[in-house]
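Working notes for the structure below.
Here the chain labels run A, B, C and D in written order, and each chain numbers its own residues starting at 1.
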Amino acid sequence: MIPDEEFMQSDSVPGPSKEEIRCLVMCKAMINSEDVVVDVGCGSGGFTVESAHKARKVIALDKNPEAIEITSKNIQKHKIQDKVQLIEGDALKVIEQLNPFDVLLVGGSSGDLPQIIAKGLEKLNTNGRVLITSILLETRVEAVQTLKKMGLSPEVVEVTIAKGKMMERGTMMMGRNPITITSAVKK
Amino acid sequence: MIPDEEFMQSDSVPGPSKEEIRCLVMCKAMINSEDVVVDVGCGSGGFTVESAHKARKVIALDKNPEAIEITSKNIQKHKIQDKVQLIEGDALKVIEQLNPFDVLLVGGSSGDLPQIIAKGLEKLNTNGRVLITSILLETRVEAVQTLKKMGLSPEVVEVTIAKGKMMERGTMMMGRNPITITSAVKK
Amino acid sequence: MIPDEEFMQSDSVPGPSKEEIRCLVMCKAMINSEDVVVDVGCGSGGFTVESAHKARKVIALDKNPEAIEITSKNIQKHKIQDKVQLIEGDALKVIEQLNPFDVLLVGGSSGDLPQIIAKGLEKLNTNGRVLITSILLETRVEAVQTLKKMGLSPEVVEVTIAKGKMMERGTMMMGRNPITITSAVKK
Amino acid sequence: MIPDEEFMQSDSVPGPSKEEIRCLVMCKAMINSEDVVVDVGCGSGGFTVESAHKARKVIALDKNPEAIEITSKNIQKHKIQDKVQLIEGDALKVIEQLNPFDVLLVGGSSGDLPQIIAKGLEKLNTNGRVLITSILLETRVEAVQTLKKMGLSPEVVEVTIAKGKMMERGTMMMGRNPITITSAVKK
């Protein structure tokens, strides 16, 4: 996994997701070298960069121009330009134009999560995976309910990480914000 | 329980412990109105103030003059001067001079945790309670091992709290550092 | 706080809530000796018993006759019969008949959480407290959204507890299910 | 990652580690196809199987014959016999006989953790990784202290996972035991 400090960060854009969350999302996404991945609300590009190391192609979307800018820098830094298509725009409109794909990652959703999942699932190939990472209580429930409504069986994993900070007196445990990963496979 | 914001804070002194931790420590300390409580490494005085609302008397120690200063301010603010004796000095030396007491709270220990627990237990009345709060991996184990060596049966509780922050988009869960509370009753 | 093992349990009724959760709910409920507490979905009676040690009166409701039975046994065991009124029935109908009260605790809600909160808030005295404990993702959001819709400012606390089990080899940390406590004060 | 249910389990042997823990350990181990991995205290073989999918060779040790038996079954089931050498015996003695290797995984240690880490580090190639997973408070500290004493810079990550269980009423969050992963790179 790529260490957190090897990503460039922007003050005005959330992310990138911490190493452990990127790791778990990648494990659950089961991306292979033939897969096309769509990263909705790519933020700082954490999932974009990780996915590009495994997939055939990654399409990264965000409606925030500052997110596009910092993701673009991380794409350069990690030398994955050949594999990534970066699109500034509204997720719902962009997804409609896309060809079918294999993995749908949803980080940011700006209030449109149910519609993004629904539209994304239409374009997802059979055996494709959808993964939603939530930092809000509300989007956890939206993710579960939308996936169930679409006939899928969601898996829900809440991850709480604390990291040791080495001090003279000992190892101080520093808590992180809990993240929920909701995922499903399209049958 | 007293809300976090009703304590004065100092940049150079840790604490006070958050509301939920103070609550759990108070529950487990089972302080009644006849009890004398000793608060070792009182820091900003969080446990000192809470204990004073329940106990007959609280003796608060810290070797850091800045801790004594901020605890003193919190004692004034919460109007518990009559019940609290505040002592700047080395815990091991101070405890030696004290009369027997009913509850030993250990927040800060500056590397002397096993000796503080051992010396404190000598002065603890039968059925007295000892409680150690740890933010370091190492002091969790020191607390357990010292209590076991002294023939007590420690209870160990690790507490991880996340608090909701109300945002326009929803309720963002903000993680706190995990805290371990190790406690025992003297038989 | 009352140790977990001092409650009788029923195989067919959830609860009682673990000591640490009872402790935190009691801290946040700030019950005084004049208060009337309503415990909705009392389950095994954990909150009923704790509240009765602090309040003037506790009214405990559950629609499940087995919950009423085990709560009744715990009321006997803890000798709080004089303070508790135990009612088998539908929460929405029962609350309608009650006089105003000071604290509303909601553990179980059988799918009616928003209505129970709404009806309960109507009967809650000014400065009264409402506390909802959730084990489900969905009820966390329902609690927050209903309180916000009623004009209150909810506090949301997710609590994850691990307890040390003493083994020959060392202290094994045993995880508990995370619980969310959502609470507010009526203005 | 391999789902939990695709491992055979034994009543008398711990593990295999849950999917999320296997995923995080594999991410941090950064195993490539040239690497030799030593899995000490292989238990049910969870890390053995995962490692074998990435490494050139895996040497799995356990002193418990029942662990050897269940790991052997999981090796068969996952068809990785060609890559795995399974050794029943005392870790300290076995490690001494081994050629240098690239990754040292320590799950079980039967009280010899500091010595196992020390002996293992001697045999670890430069840029080799060592990872210790701890369920005990005590082994977390032993792992950190031993790695520091050997001149390495340990990373400590405590992982707490809760998984959603789909019920008629909603998504119930089921807590898991917290696991600590301590790791370092040999310079």
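Heads up, the rule we're going with is that a contact is a pair of C-beta atoms (placed from the backbone, for glycine too) under 8 Å apart; a residue touches a chain by one contact, two chains touch by 3 or more.
Small disclaimer: the values here were computed from a predicted structure and weren't measured.
Colleague: What's the rotation, in steps of 5°, that superposes chain C's Cα atoms on chain D?
Modeller: When the C-alpha atoms are superposed, chain C turns by 180 degrees onto chain D.
Colleague: In terms of CA centroid distance, which chain is the most far removed from chain C?
Modeller: Using the mean of the C-alpha atoms as each chain's centre, the farthest one from chain C is D.
Colleague: Counting only Cα atoms for the centres, state how far chain C is from chain D in Å.
Modeller: Here the centre of chain D sits 41 Å away from the centre of chain C.
Colleague: What is the distance in Å between the mean C-alpha positions of chain B and chain D?
Modeller: Computed value for the inter-centroid distance: 37 Å.
Colleague: Measure off the straight-line distance from the CA centroid of chain B to the CA centroid of chain C, and report it in whole Å.
Modeller: Here chain B and chain C have centroids separated by 28 Å.
Colleague: Find every residue in chain C that makes contact with two or more other chains and list them.
Modeller: 137-138, 141, 144, 156, 158, 160, 162, 164, 171, 173, 178 - these are the residues of chain C that touch more than one other chain.
Colleague: Which bits of chain D are touching chain C when the two form their complex?
Modeller: Chain D residues touching chain C: 110-111, 135-139, 160, 162, 164, 167, 169-178.
Colleague: Under the definition above, what is the set of chain D residues touching chain A in their complex?
Modeller: By the definition above, chain D touches chain A via 1, 19-20, 23-24, 26-28, 30, 141, 144, 148, 153-164, 166, 171, 173, 182.
Colleague: What does chain D use to touch chain B in their complex?
Modeller: 137-138, 140-141, 144-145, 156, 158, 160, 178
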